[in-house]
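Okay, here's the structure, questions in a sec.
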Amino acid sequence: MVIILKQHPDETQLGSLMDWLKKQNIQVTPTVGAHQTILGLVGDTSSIDMDLISALDIVEDVKRVTEPYKKANRKFHPDDTVIEVGGTRIGGGSLTLIAGPCSVESEEQIVGIAKAVKASGATVLRGGAFKPRTSPYSFQGMKLEGIRLLLAAREATGLPICTEIMDASQLPLFEDIDILQVGARNMQNFTLLKELGKTKKPVLLKRGMACTYQDLLMSAEYVLAGGNPNVILCERGIRTFETYTRNTLDLACIPSLRQLTHLPIIIDPSHATGKSALVPSMCKAAVAAGADGLIVEVHNDPPHAKCDGAQSITPAAFDKLSGQLRAIKEVCGEDHRDVII
Amino acid sequence: MVIILKQHPDETQLGSLMDWLKKQNIQVTPTVGAHQTILGLVGDTSSIDMDLISALDIVEDVKRVTEPYKKANRKFHPDDTVIEVGGTRIGGGSLTLIAGPCSVESEEQIVGIAKAVKASGATVLRGGAFKPRTSPYSFQGMKLEGIRLLLAAREATGLPICTEIMDASQLPLFEDIDILQVGARNMQNFTLLKELGKTKKPVLLKRGMACTYQDLLMSAEYVLAGGNPNVILCERGIRTFETYTRNTLDLACIPSLRQLTHLPIIIDPSHATGKSALVPSMCKAAVAAGADGLIVEVHNDPPHAKCDGAQSITPAAFDKLSGQLRAIKEVCGEDHRDVII
Amino acid sequence: MVIILKQHPDETQLGSLMDWLKKQNIQVTPTVGAHQTILGLVGDTSSIDMDLISALDIVEDVKRVTEPYKKANRKFHPDDTVIEVGGTRIGGGSLTLIAGPCSVESEEQIVGIAKAVKASGATVLRGGAFKPRTSPYSFQGMKLEGIRLLLAAREATGLPICTEIMDASQLPLFEDIDILQVGARNMQNFTLLKELGKTKKPVLLKRGMACTYQDLLMSAEYVLAGGNPNVILCERGIRTFETYTRNTLDLACIPSLRQLTHLPIIIDPSHATGKSALVPSMCKAAVAAGADGLIVEVHNDPPHAKCDGAQSITPAAFDKLSGQLRAIKEVCGEDHRDVII
Amino acid sequence: MVIILKQHPDETQLGSLMDWLKKQNIQVTPTVGAHQTILGLVGDTSSIDMDLISALDIVEDVKRVTEPYKKANRKFHPDDTVIEVGGTRIGGGSLTLIAGPCSVESEEQIVGIAKAVKASGATVLRGGAFKPRTSPYSFQGMKLEGIRLLLAAREATGLPICTEIMDASQLPLFEDIDILQVGARNMQNFTLLKELGKTKKPVLLKRGMACTYQDLLMSAEYVLAGGNPNVILCERGIRTFETYTRNTLDLACIPSLRQLTHLPIIIDPSHATGKSALVPSMCKAAVAAGADGLIVEVHNDPPHAKCDGAQSITPAAFDKLSGQLRAIKEVCGEDHRDVII
């Protein structure tokens, strides 16, 4: 942490700041210039409140120079986190393919799609039971019945299940679910994150639509700090001024997060683009950039899907894509390890 | 709603779309051009799923031309909503001043500040008991004890209390609180919004940091649709590329929302700017723009506040400001009614 | 400037960095911690290239802690810049009202509007002769004839003229113009800025739609560094996700820029909102926040304006507004001086 | 175009709008509902000014449903534009590799890098002679001497040259240059675009950092409308809230622009990320997504580059990358044609 003092700071106030920092076991080195003094701070600054220091009369600005997350930080945990769930491994050089419909609609639908995507190489089944919708008048999901049908599809195919939890109070309903998805709008629902930290369930944490890598890692830190090491990061597009795509897929997050953290990184091109025609090329790009996996909406009849049909690809398209993804991964080899420090 | 068809749409598919729309009681008028056909739709389109129509092969694009919110819409509810709470009126031309510290820290602190701001004209007391913090290592509020102290301050001053609720499960703890604040990060926590819709408590709903007016009004619609008409909208700054201020305060929301909705509009310059030196000028600007009120952080000792001290003004600064705000409101007179249609 | 080193930096590389910095007359103080070393730099770092240092293998990050602009910086120039032009003073506590149509359309139109706005208290006439339009098929302005008509309006009213220059090569055509406006899309047209720096003409520099205060001040620095001290800053809205307004007017720029710079700050609510119904409330808010002035589109017949009619107010609306603005300025008194350090 | 009327529009005003539209050869079909009337417009609406119509009292909103660009539009020009320059073809399924240093620094440097990148498969040499810098105190390029050295490198290698033009007045200096680059900050320098439209030189047009696909295509339209068909689009990252990368690379622009336009699409991962460690993975991702080519900064000694060293890769890294890119392109085959309508 670096504190920039105003010109000619009051000596007494400066003294009491220095004393207080020392009591927090922070080592301070001043650099004194003609127009300004910089205080360099080292030690564990993660619990120092920047706002508190900014409020002091003698302080012009405060800047963090270390990441405020510890458990998610690759510096203190150099090896990749690998999560084993339902017979598949997520992270550490594997290629996880999570596929399925936006919403569960019927047993026939979800079991049928599950079988199709498994045959094409999917390793996890996705499907929404509780749906967060911006309008109270839109279809809100099959809820508990949706959970039951997802478990039937697991029974039929052996694929582990990933589905979205919307609130801490729903946790008992998700007891048999393999991977709990936290949606982008809930990325900073700290009550939910704390409760998930008390379980050992793998959590697929989606990046909020206006959040930075650091914001995402701080939310992951909530789960990790609670004692649950099984966090999977998911990029699903951020809000930008572009309106042709629903969101803008930030693929540079892959090598960037690779450097900052040891957690697996999964890409969601379906929600990011909102247009099925763009999904295959973004899947290929994500794998070429070194993603640990993808989460893709696949629907047998997109025009009649109960929600988000516009962004779903067909099982046939997924099948073609799957082969290309493995070929691209082969071309890239161990490149994704290059950026690791 | 307007549907733009691709060039040379398949006749059979077009026929089945037209049939389906008629079954939904939607009236359709086509405009046929050389390169494109536009279908104009009128009727109740609020439950028509745009994604579903976008997914059709024959459709190039779909655009909404009416607002998807009804109960929050001024068109269907021309008169201002006025909320009466604890002896004060919010909305309808009054000037609500909500003031108090970011966090409740002690009985002495909260009662002392409550008395000071009341003497300067505040009509509601604010103070955080449960604090949403981006870091799990930061102070998370006094929680239940904070609620108890807020009620003691109400007892001592008669000011109604506004404090933040973070999760639907906390509702029983907030039974005696006058106004429930929903934070910006929870603006799209639909589970929480639905539960708040089942109560009659006034809800102060903060705009999410990357959300539009329509997003905000759709979240308000969740509460209204549940049966609770007491929603207060709050602008607290949106995320932009500027980093000098914490967020960017969007004051044009005041006349804009005035036109779109009948709900009261409150401005929070403290969180928007993050810097106490900017708060008074933004308060004056908000009142000049016609806001129904302000929510301002006031702390007796900002440098030693437990959180967000950098954005708190002192009781003395609030006192000076309060007089200016009333003078500006007088200059503007009934101007805020001008834009109402 | 602060340099954050990677863990265990190579000693030889570190030595050569230290030597190089000393040669640039930069004083360096290291703060050594267990996981990281911070180098605090003081001296004239404005010409140190951050990219160059970032590229070094031993460097993790580089952060500026002082502003990279000098001539625009209030720290080195504490008194307000006041620009005298055509008998009016801009900056230093005055209230400049620049008014007129988006485009000059005819002599009758521009002279008529000039007389009307002068009668209502305007101190400068605006009007576009060369128009930057996003479409090559839109009206591009009356060009040289527009300049001639603006001069005729000055002749008729005595009001100084402000109009937009689009390219360095146009300078000779603007010889008689009083204030040269640089549009938001040209804010980083460095060739143009350099040429304007060689003149003494007042330059009204509009903030780019995705630019920060620092970006704006760096562009001002180009003009100032060239030898022209007469720069007026203008906020005209920034791009955000909101689409109801054309842009989002950032009024917190007023007290913020007041602290960072000595240059006058003018607000343009017409381009910022794009809707005439929002203009009066934003004008009042800007004055309440301490702006040095406004630039407002006024048109005698908005629905038949050749461009941007939707955002123009009528002379009658301007007249009513003008009185309110002076009353608000009176309420605020000398407040705008409060934030000056 | 669609016009949404206010409730109960004045009959006379509506009549005169209808008459005026007919005079413009626009066919109008109204859809009348209980709360609103929609006018569907077909015909050539590209010259209809939306602002003018928005300003009418009876109009609530106006929406474009067709793209306002014609010459850049794939609908009216279904075949890919292929640009032949200096013996290489850009667009139409080829893979253009533009490589070289950010700035030309010396003859030895530029000729050396040119030879190295040619040997690794580059098809065009890039290098900056005139450099747009945000600070007036930064290195501004070797200017005319830089142009001379670029031509020497072309002489030595046969590679065509791509370099940035900053202002219309510089055109005579660029007479021998093969491809004129327009920087992101100049994307809406309409004076420059118009002048480039009068030449036949290939123009590499970079997307502005807060601009949409439509904004980019409207700027391309300026060049095309002037008579120059040789426009190459270039994505170089857009501004978002993420600060770890310099900008956010929007790779979904590749399949999106493929659908909207026939112009070639080139990706610049160096400026987009600002970090050399991220460049190779973003290059591979761009090719996997179907880009027509890349523009990459390559420098023999990045830490001593005169600008942007932090984002330059070495010739050795470029050489390894080049092979992988061709292998990925082979995997993807003719996929990039899939989205074309």
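Just so it is clear, A, B, C and D label the chains in written order, and each chain counts residues from 1 on its own.
The rule is simple: contacts are C-beta pairs under 8 Å (C-beta built on N, C-alpha and C of every residue); 3 or more make two chains touch, one makes a residue touch a chain.
As the structure is a prediction and not an experimental result, all values here were calculated from the model.
The minimum number of touch steps separating chain A from chain C is 1. Comparing chain pairs A-D and B-D, the larger number of C-beta contacts belongs to A-D. In terms of the distance between Cα centroids, chain B is separated most widely from D. Centres computed as Cα averages put chain C at a distance of 27 Å from chain D. We define each chain's centre as the mean of its Cα atoms; on that basis chain A and chain D are separated by 31 Å. Averaging Cα coordinates per chain places chain B and chain D 39 Å apart. Under the contact definition stated at the top, the residues of chain A that touch 2 or more other chains are 210, 239, 241. Of all residues in chain C, those touching chain D in their complex are 46-47, 49, 51-52, 54-57, 68, 132-139, 166-170, 185-186, 188-192, 194, 209-210, 215, 218-219, 221-222, 225-226, 239, 276, 302-305, 307-312.
By the touch criterion given at the top, residues 2, 4, 6-7, 27-36, 38, 40-43, 61, 63, 65-66, 75, 239, 241, 341 of chain B touch chain D in their complex. On the side of chain B, the complex with chain C involves touching residues 210-214, 238, 240-245, 248-252, 254-256, 259-260, 272-273, 277-278, 280-282, 284-290, 324, 327-328, 331-332, 335-336, 338-339.
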